[in-house]
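In the two complexes that follow, chain A is the common piece, with chain B as its partner first and chain C second.
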Partner chain A sequence: MNNKIGDQTIIFKNEPKIISHYSVVGEKEGNGNFKNYYHYILKDDLFGEKSFEHAERKMLEFAISNSIKGANLKIADIDLLIGGDLLNQIISASFTARHFDRPFLGVYGACSTMAESLAIGATFVDGKYLKNVVCATGTHFSTAERQYRFPLELGNQRPPTSQWTVTGAGSSVLSLNGCGHKIKMATLGKVTDYGIKDVNNMGAAMAPAAMSTLISHFKDTKTTPDDYDLILTGDLGKLGSEILMDLMEHNGYKFGKNYNDCGQMIYNNNQKTFQGGSGCGCSAAVLNSFVLKKMDEGVFKRVLFAATGALLSTLSSQQGDTIPGICHAVVIEKDDKKEN
Partner chain B sequence: MNNKIGDQTIIFKNEPKIISHYSVVGEKEGNGNFKNYYHYILKDDLFGEKSFEHAERKMLEFAISNSIKGANLKIADIDLLIGGDLLNQIISASFTARHFDRPFLGVYGACSTMAESLAIGATFVDGKYLKNVVCATGTHFSTAERQYRFPLELGNQRPPTSQWTVTGAGSSVLSLNGCGHKIKMATLGKVTDYGIKDVNNMGAAMAPAAMSTLISHFKDTKTTPDDYDLILTGDLGKLGSEILMDLMEHNGYKFGKNYNDCGQMIYNNNQKTFQGGSGCGCSAAVLNSFVLKKMDEGVFKRVLFAATGALLSTLSSQQGDTIPGICHAVVIEKDDKKEN
Partner chain C sequence: MKKEKHLSRNEQFVKYVEAKTPKTKTFPTLIWAYLVGGIICMIGQGINDALMAIFPKMGQEEASTWMLIILIFIASLLTGLGLYDRIGVFAGGGSIVPITGFSNSITSPAMEFKKEGIIFGLCVKMFSVAGPVLVCGLVISFITGIIYLFI
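Take a look at the complex of A and B:
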């Protein structure tokens, strides 16, 4: 194979670029650590819609539309939309795709969906199958809460290991034409299950998947953690990140200050989210705001974006199953021509 | 773009082959029209498991394992599994992927998932990113029925426009090495919504999506329906197929005897399934048994496999939304070296 190295990593020799990106988040996220980096902050989490589910779709549509505009492209220039979300049958992504009248591939990797979309999208672009591909995903606290946990009206107490589903969406436009940071490679993750059953401790369930993909990535590419300015996991949260650091250290990989986690970073300590953020929208919003902006500024030059997902459903947990996790990683390198 | 023609169609110049395939179905399907074509027919729809959901996973695992064996490959030779299913958060595919310890990409296109998987898988293989890719999907009547409709114990009456979710799974191994029928191109579908709200009439909801993709395919490739020995839609069922034929005729495309539909074909008239079969497992099982076998025999030399999906959820219907549809198509050509 020309474009594969090691066991799980593919190389994008033509260097697809993220030629445009857009992030939209809810009010709570807008008061968090990255308030100065988001493109748009909702004043009302219903976004003028009649249900939170419709608001989730509208955020995704808004992010996609604005990322296309930001690339100076028309909708007709887009060859493919790739996306998914947390709602049953990924209705947010599918219903959103109606509005664009362009080909659509629905994907599902729980909170790893942004990285999965980028890996697939980069393949279509790098292989010159398609010119411009949009990768987008999002979540909404209120839709996830009532689908996975309790009715919102119940105001149920949250356990200390829990995370807070991010209200937000992010969209990236990939192309070989134009300026933007480059997607250099992708490490496709394996489903990993260490037997965790606690649905309020997703970080612990996902950390082994992150470890699996990161170790494979370092081995495949013959790199070390020090080769990256930023190693960013999806949304393990504070506890999950600590578990990951322990697991990595046991395997001989010591993470320094260049490691962080989207879930851990997105809210500030006064926002009572316990372990931090989660949801497809978490890593999508953080990547498409703070991370790419800091790459513009030259603060990060080489980023390993490793989004993680917990692949459970309410039914699998009701039937006593454990929680499998997955993690897909993409390497993004600074475009030296792009400076702010 | 080197590998795109027209608006929605990509070309696989290296001709990825389906080097192995496997189908497993339930007892009812085993009494249907293709009983002599399936690789394995369950004697018990629980497949020895404690729940129908676990049986669905086991079928998928069984189909994947046997397709890998059929290709004379080991699990370690597989670079990627691609799959999805109808259950919330595609737990069947994700949980199944745990057992293989190979990279996994989860996709969701409702009953179009087999074609979506083949289109993505063929891209990875054709572009020489990966060597051997397994595409698999499945469904189970009893899991779909209780997730989407009523408890099984209720024995609810079925409306005449309804379809019957197929208990079955199919798996295809794609590679550039080895013998097998060739995936020549894929037409990636748009989400199409004609405003149908009747959840018991999926054929009507999906027919416009099939029309959209088929017309785009014929335009992109400058072919006509007569250029195919078989044009096979996913699972529009009897009524949906009639609607599609009407819609196509209105657009100047007359379908002859070379058109059929997996849902319409899979059961016989005595099986009381009204409009026929549905579910990801329907087109997956029909493709990976009857269709590829008939290609081996030379009965079909050029097949346009256009699987269709209805992208609703119970929640979207409860909120009064219409039912969007999608259809992805792949062209499969007979490998002249392969004869039975």
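Take a look at the complex of A and C:
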């Protein structure tokens, strides 16, 4: 048990590295704040496929194969694929894995799936059970919309607390060999429910989960928010981020300028997304583009990546249940040897 | 004891979130709904008057029926062209309440779920949005009919 510190945190002593990463996003995201950071921007949200579900799979496949190529590896070198998405029975991830003919673990943590995959992948690699592990997640606005909300062409109004599901996918290759930014620790989150029922206010439902994981992380590792260049939550959105900051302050942790949220950052203010982006493609695309590239540049040296997820289904909310949330955090540190 | 404490924490949080959550701005929303809804009704009246002018033999009732059919067709077409939802973004109730909104609420799921097949996709899901309106309408007209029978 000497790799576990405190209550919820594990330390990766062998320092698995993100040796390659790739992000692909839709057109709307391509016009957003990180347009210069994504590896590939779709010209058409169908990606040449006959349905949005197929497009979502193709994006994932595209991100995974390009991240493997970027690591100068062959598909046969990959020991495990870990991935998930938002669709029922996580069909996008498992249908994508069908093409690769490599061992696959499908995981679901709603929008926290990217951090969950990284934590699991890093554990396999750190323990030297496996050499190369790919972690990938993706979502598509149009598939999430039809599963959780209304048909696309319905002329309804979105409430001001709503968020916009990101069309995008991100993939990271983890290994002990090669160079890249190091995954130092992971804090695995607890399912947290503070009684929010409004399905259009996910940020408020997930903020307590983020608070729970972040506080545990700071306690377990005996660090403070100031020890990080960037504390990045998954997709709380603008309102959710404000709620998280209030909650943290209430518990004696003050977040400064080093705190931000993927959902809040991904779109610009003219894109009419209200609270910002959401979906497991959101944190995956932002991490695998903007964050890791900024780490290459040396702008961020130590990042606490805490993706958040709302663990509801349309059925649970229709039955009047409250929305439980979860948040997993991963600490990524700049590789000093990597200079470009 | 523990459960009581748990409840109060959640109640406090829900209360705090409600206070912090931005509300829909009622006034501009109402103005837009009024304007767009009014324009749709004016177009309807225009079609009605035009029909009666072009076909002098047509009575008021027949003209209104044709006018409704034309409005439904236009809304359906605009939905297909991907324009009706853009009107809905700012018009809100203004484009939902008139019959054009009803047309949109049937056309949009029909388009969306066509990929799951004609029977299990299109036919099953077609009324997924408009269904409750139809059920309520039928039930209320039935009750009204019964009442009308006895008075």
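Things to note:
Everything below uses one rule, namely that the second predicted complex is superposed on the first by the 339 of 340 C-alpha atoms of A that agree within 3 Å, B and C clash if a C-alpha of one lies under 4 Å from a C-alpha of the other, contacts with A are read in each partner's own complex, and residues count from 1 in each chain.
Keep this in mind: a residue touches a chain if its C-beta (ideal position, glycine included) is under 8 Å from a C-beta of that chain, and two chains touch if they have at least 3 such contacts.
This structure is a prediction, so every number in the text was calculated from the model and none was measured.
In the overlay built on the shared chain, the residue A:208 is in contact with chain C alone; chain B does not reach it. By the document's definition of touching, neither partner reaches A:149: not chain B, not chain C.
Touch criterion not met for A:69: it reaches neither chain B nor chain C. Applying the stated contact rule after C-alpha superposition, one finds that A:51 touches each of chain B and chain C. With both structures placed on the common chain, the touch criterion links A:90 to chain B but leaves chain C unconnected. Of the two partner chains, chain B is the only one touched by A:10; chain C is not.
Contact with neither chain B nor chain C is seen for A:301 once the two complexes are overlaid on the shared chain.
Touch criterion met: A:196 reaches chain C, while chain B stays clear of it. Contacts of chain A with chain B, set against its contacts with chain C after fitting on chain A, overlap at residues 51, 193.
Of all residues in chain B, only 1-4, 8, 10, 51, 53-54, 79-80, 84, 86-91, 94-95, 97-98, 101-110, 116, 119-120, 123-124, 126-131, 147, 188-193, 311-316, 319, 321, 324, 326, 328 touch chain A in the complex they form. Chain C makes touch with chain A in their complex at residues 9-11, 13-14, 16-17, 20-24, 29, 79-80, 82, 84-89, 91-92, 95-96, 101, 104-105, 107-109, 111-113, 115, 129.
The touching residues of chain A, counted against chain C in their complex, run 50-51, 146, 150-161, 193-196, 201, 204, 208, 239, 242-243, 246, 272, 322.
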